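Structure first, commentary second.
For reference, chains read A, B, C and D in written order, and residue numbers begin at 1 within each chain.
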């Protein structure tokens, strides 16, 4: 995609407070604990500072180890945080005994991930008992300016009655 | 996707007036004329009552001829109007000499297309010279209630310097 | 997508005889009967001449009523037959009491649908109890030459214990 | 996606020798040099042992640092190598002065990435001057058995007349 002279428009507000209700009163602790067990997130340096019902944010500070050949953050890493932010948004709405799996996602890269910080904002579009449709946008923050760099649409599946193990299996 | 008891959330406003500027002062006539030449749209009974910069709506009244085996509007027909609404949204922003082609799209079906009227709302997310990223939502209107039934994310390509023929080639 | 001078490669054979086993001995009659109830397929003139375990073909002869503004078959119509061929491929592998729903699909348009006949070849990639991943390719046949014009990747959901009504509800 | 008792079918052979012709006689060195500059690939431990015209393979040995909360390789990491294998497959077919960008991709996760080694096989489906459509499959190799765990469909854009910088910009 040619990137100079582009005109990125993100007209829609993804998240509105109190739009979703959590079933699990401890959803925030549960989601944060699961995120903490994802060693791949530690490897790239991602954190999850925002966890609300139907919404999460993953933040990723720039570091040279996560770049592609031009020094921008690797598109695959952008996909990782978009996928995870959207998937954990789904997880905030399930019961404590439910596990979520990514069935599939589609990612459009809109602009290079060029900035000191990436922010992936994941949100639930449609909550169903078995399938949850989610979205995520990824923004690059450079010198105080926030530019959309990726847009994701995702399908999540709930597996009921399973509990995430406290230790890896 | 289980459909009963679902909880469809469309938190984001896709379209905001004056968000995009049209390059072609006659974009509306141009887009409407192109739509009128799509015989497939006539076949299913679709019309395009709204054409704004970066945004179009396609409306499709229910008729038995466009149904699937359960009597709802066929998912493929839902895809047709979503694809077209988003593609024409892109077309509103190009020059008069530019033609747009759908490169690809991804469609999530959120609920059965059950209603007296379907409305596909297409909008431009990111406008670039060669590639334009768009979205569409399709709503089913039943007894005055508007329910989201599909969500599309699409990539459009601009072909510059070509003019749509007045007659089909 | 620029289309002249293109070099379409379809290296992979989608279907191999006896690759899948049908659970329902009457899958062919069941799938054909469901297809026959899709009035949208009748409207566009599509037929389903091939139904095998994990595989179906939908054929669509050209007619002016299904074209876009350049006289080729409308991309949305191409999507309709791709979606349906892949979805029915999934249906061939389920029990008689199972209903399938399209969760989502992604379609790349590779070349204009320019020919006397379109052939959509749908096949199952991964069969699971709840979710079935499928693919489809659509070819345009022009003067005896078969050219790939679309590629679809799809997720199907099985709803167990429901039976398609003999009459529409 | 429920994973036990699944029946993954990968009926199609993605790659056939001599199916594509490289324009750049030095495509292999060029692609390998670009891959070597992707620090994100070094971070996760991925290598690219196979580079052929229209086809590449990325191999990723298991290590705990790339896992999700259940100890399997993170889906985002699976996406990273699928995206890159397919993108570099496109790059093998361009001129030396052309740069490729991922426009978008869609990934279905078919099974957990459970094994000692992941292999992403990327291949070109349709080569066009501006847009290249590609695919990738990712397999998990466990105790000598190769199981498909992801399927990707991707759109790549060529930017002509640019040369990848020898040093990052």
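Keep this in mind: a residue touches a chain if its C-beta (ideal position, glycine included) is under 8 Å from a C-beta of that chain, and two chains touch if they have at least 3 such contacts.
Note that the coordinates shown come from a computational prediction; the quantities given were computed from them, not determined experimentally.
The chain with its C-alpha centre at the largest distance from the centre of chain C is A. Interface comparison, A-D versus B-D: the pair with the greater number of contacting C-beta pairs is A-D.
Centroids of chain C and chain D (each the mean of its C-alpha atoms) stand 27 Å apart.
Distance from the chain B centre to the chain D centre is 32 Å, each centre being the mean of its Cα atoms. Chain A and chain D have Cα centroids lying 22 Å from one another. Counting partner chains per residue, chain D shows two or more touched chains at residues 1-2, 103-104, 106, 108, 130-131, 155, 157. Residues 103-104, 106, 130-131, 155, 157 of chain B touch chain D in their complex. Of all residues in chain A, those touching chain D in their complex are 1-2, 34-35, 37-44, 64-71, 73-77, 79-81, 83-84, 101-109, 157, 159, 164-165, 168-169. The touching residues of chain A, counted against chain B in their complex, run 1-3, 5-16, 19-20, 54, 106, 108, 110-111, 123-131, 133, 148, 151, 153, 155.
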